[in-house]
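Next, two complexes with subunit A in common: one pairs it with subunit B, the other with subunit C.
Our next item is the complex of A and B:
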């Protein structure tokens, strides 16, 4: 038999060996970074997860225009810690060189444990639990504020906004969800509030289950105390329930402010409570409308998500984009997707032009970005509007809280 | 804290409890007669919520009004489901029944996820934000309407079982299956009607709940758990027990939230469950097994 054109046994073995060895070689020489983007796109945090996802859809065009090349694998954590853990394992087994996520602190902690074991960098887009960067993880950075940072900035802004609006508060009730985020915020509040010499007193701190069918009893309880100021830490779902019950019970404090939590700027919140969304103030890291990169991201967002509003999604979109930007930038500098050099490059990040308010993106020894700034944002005309600090504000804060009655 | 605030909280607990009770009633009716535990109960409630949502979107039908046509539609669905799917499993081991109904639950949840996505849905009713003021106490309008509707459906169901020949026959079959078969009752038909009535309850309850709260497909397991807690506290198979269990859980959660902390709501329900299981395993209104 003529063997020409046939593969002999040796060639076959060599080819097989090359195939087996290929992934490592390909990985080392890859031209794009394979990123597993893990978000809670279903389950309790679905609304926020979907919002971040829309940001991920808008990001590749902007990154590509900046000369970066990434391959994003979208993964749903189902808002579950267990699913987050198993999906992180699967994503890394499938070749993910970097993980980004996961909006919720509990889910992110579950992913962090896997990434640490597998030596794959994890970049937190949004997650504030302090333990994320205080437990010595070597393969984790967070481009977001920790709970104490959010609370400190949030409380300071409450003082400044009330001063700017000539409004005095003597008493406050702190109403917060009892999930990982809400509990972390409550702990931070307990620790930080006494150190800031605020002009009001927190007379009661009330924890609630954000998955409860309604929050009527919680609101009744707050009404019984009748504070000047209601401080809230919510998600979109419970912010809706809370607003409905406050309107029904005609509970009207001088101000309702969040020292740093989501929910009040979400599309879902505006869709559900309409004109009753107005008046709430939340102090958070926010996107810088004056940044060119924000404008480019907004243009791409409009093209990829024509049915959604950038002003409502901007917080989630901005931080998700920045996490992708950090990964892409580090990959470009490291020249490889291998865990150790990539992580080293991520830790050496120094990005001056970006989307969110604040200084250059860089990380301290713990893995936190110390340069993130906060702004006071108020819902005015059913639109999140920056009202403080003055240099980034586009309107003045409206206080006291507008009456519920007569809004229709 | 003033008396009117306590009155408010108590009334909120009672009104919510009535809707909970109606939902749990469906589970109790099915188990009491067919002896099959509907592990897809919460999923059917959520399915009813989505049906109410669609009806509202298409024709602006108030979910509380929609509870009537949905109760009828879910009765037919339950009747057909029992005849076509559940009947062969009635005599099979409980774990096989469990697998069947968990399968149904998964199909419903994932079907809803595919059709509607994971975001929460709500309906904008003109009275969503309104309340009645009675002696200084503020009572939500939507909750009053919902509870009234739940009470009407429950009363209709009790009347059916008490005053109609079919209702009497179903009770006879539930009490003594062999005796019912011996006197010539069509037990399979009675089972199908019972399953239909169980789903009619959950259809009506789901529709009413759409007016009270937002929903997502992922809400279903918590509703199944809630229904189980209520019927176990009230007595599995007892209709009065389901209603009383709903009221008890609703009031206990509300009062505990006010007196202790809102965060202990679930702990109170499950604490009651544990207490009842320890002291009266058949539930408050259940019959002890001889």
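Our next item is the complex of A and C:
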């Protein structure tokens, strides 16, 4: 063929070779997935955001050992919707191929709107508003329970734990903080409790101000009613005040349980009340101590956060790690970080071995993981200990509630 | 209208036109991140201007403007989701509800001569009552929040305030421009002069025949109604409402920062304040991250220090100083 002709055999072969090799070249280029991890590391939700962040620090080692390669960009949402929205725009501008976050529902929705417009997958690590996955977002999945799901599971576990411990409750008092979280939980309880046919009655519901100096009036009131079961929804600060006032007034029902709230497994709670932290039971999604992946994550956590306790951070750490795992796994299967195929791969997720209690990680049509389980966790020896269900439990529930006196 | 624009000198007219053109073409020049920051600054301008009419012009310090913002947001969102009433209609209902709340507050305040800081405390009390009320009102979602649908089928219904960032950007720009015009018209009107007279010396204003209570009510109504419109925008822009966010005292503080920093009682103060504070917050976030200073809370610390320096350097606000420096001072009416 003439050299001056528009194509020769060598060029044709080179072009054909390049065409065949192109996808492989592209895949080879996309070695790691760039993830924007958006957490409320300052502002109102800072404590939880920091806890999730510690999980993110521990995750790359475990993911790398599993053969995954991710690049994490840490972004502080400052617990603000406006910051969440603008920072999501910036993260995507800067090349983030997937966004993970954001612990709080309002912040998550602000990010979801940006991700939807930019066609970038958003994996929600923690956020419980049911509406999050019922709005028709195509680029959002949530590896966490909705608020009603948390309360339903929490209440069911109360019945199951009492049965397992041969303990009968006839009356209960529901004591909850009147802040946003406590009020939301109380509203969910009001709706769900009558539908569950529970073996006990809630004879009184008492709301309190978590900023109050002490909770002696509330404890006196509960003491007067003397219920079998005290149901509580607290955060760490008011859980401390509540415990101190119960010890002071020597009030001790058969059991003190939370149908799903933080506070009772926070570092500051253990630091403040020491041995009096023992006996409380809280029903929440929890990490599976028996899982090998959890053990690997715990080891990495200890190395990256030597001053923090994995068992106290495990809830936030576990869900944050799993969100990263979902992204990394989908990226490996999709072979690309492009929005549409990556989202398709995320929706097809089926991870059997993971950290949190429950079945395989997978997503339904709405984008929720229906297999997340809850566990009853009891403070034993100042350590959160799974006591139910039996297959994941490492101890049996201690009921009735151990006496305040004589604790060491 | 001519009187309203009489404060403009040729130089300030050119500056205003240049500013307007820059904002109009911004979506075609800047990236989405920058655009989202400008949008927030425009919304801050609008809300700041609404508050400025009450405090800057009439001298009534409201520390509870989140009340009108929240009422506007919730009324329009509930009417849209539960009754199918579009925002173009519900905005008037939202304004009426906000004016109703303002009337109640004003009646208590003015009828019983609650003035100065005590009036401010009353505004905080009203906003807090509303927040606690909405927190416990299950019809509007309570503390668990109220959500607007965002599914793809509704995305192009601009008449239902469903649209993308560009749509909301231009809406915010129109609102900010309208608020500037309203403030300018008010300033040059008889009512505006009555506002200023009351701000300077209520007793002297009364002696000159100004009906103090009626004038203060009007300032309160205008400010509340404008803020409620901002609430409608916020509801349809964010698509979720939580009493702990939209009715919080911190939201009220956020609203008043721009006009205070920009220049209280000035036309351009809210604009200058918002366009300084919003980008400053984002620049600090990005700058601190870029230099590896990602300790939580450091941004708030630096932000606070910068605010203190600004206030110390320009105690009357940035705009009066800036206008003097650039030769953009308004003509005396």
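Some points to look at:
We adopt the following convention: the second predicted complex is superposed on the first by the 304 of 408 C-alpha atoms of A that agree within 3 Å, B and C clash if a C-alpha of one lies under 4 Å from a C-alpha of the other, contacts with A are read in each partner's own complex, and residues count from 1 in each chain.
The criterion applied here is as follows: a contact is a pair of C-beta atoms (placed from the backbone, for glycine too) under 8 Å apart; a residue touches a chain by one contact, two chains touch by 3 or more.
Note that the structure is a prediction, hence the values are computed from the model and not measured.
By the touch criterion stated above, A:50 is placed in contact with subunit B and with subunit C alike.
When the shared chain is aligned, subunit B comes close enough to touch A:240, but subunit C does not.
When the shared chain is aligned, subunit C comes close enough to touch A:131, but subunit B does not. When the two structures are aligned on the shared chain, A:147 is found in touch with subunit C, with no touch to subunit B. In the superposition on chain A, A:74 makes contact with subunit C only, while subunit B stays out of contact range. Judged by the touch definition given at the top, the superposed model places A:222 against neither subunit B nor subunit C.
By the touch criterion defined above, A:42 reaches both subunit B and subunit C. Touch criterion met: A:211 reaches subunit B, while subunit C stays clear of it. By the touch criterion defined above, A:272 reaches subunit B but does not reach subunit C.
Applying the stated touch rule to the two superposed structures, the overlap between the subunit B and subunit C interfaces on subunit A comprises residues 41-42, 46, 49-50, 178. Those residues of subunit A whose C-beta lies close enough to touch subunit C in the complex are 41-42, 46, 49-50, 74-76, 78, 81-83, 85-87, 89-90, 92-93, 105-106, 109-110, 113, 116-118, 129, 131, 135-138, 147, 178-184, 187-188. Listed in rising order, the residues of subunit C touching subunit A in the complex are 31-33, 36-37, 40, 135-136, 138, 142-145, 147, 149-153, 164-165, 238-240, 242-245, 281-282, 285-286, 289, 294, 296-297, 299-300.
Within the complex formed with subunit A, the residues of subunit B that make contact are 1-2, 5, 8-9, 12, 16, 113, 117-120, 122, 124, 128-131, 138, 140-141, 143, 209, 212-214, 216, 218, 222, 253-254, 257-258, 261-263, 265-266.
By the touch rule above, subunit A contacts subunit B in their complex via residues 41-44, 46-47, 49-50, 79, 178, 206-209, 211-218, 220-221, 223-224, 236-237, 240-241, 244-245, 247-250, 268, 271-272, 274, 276, 404.
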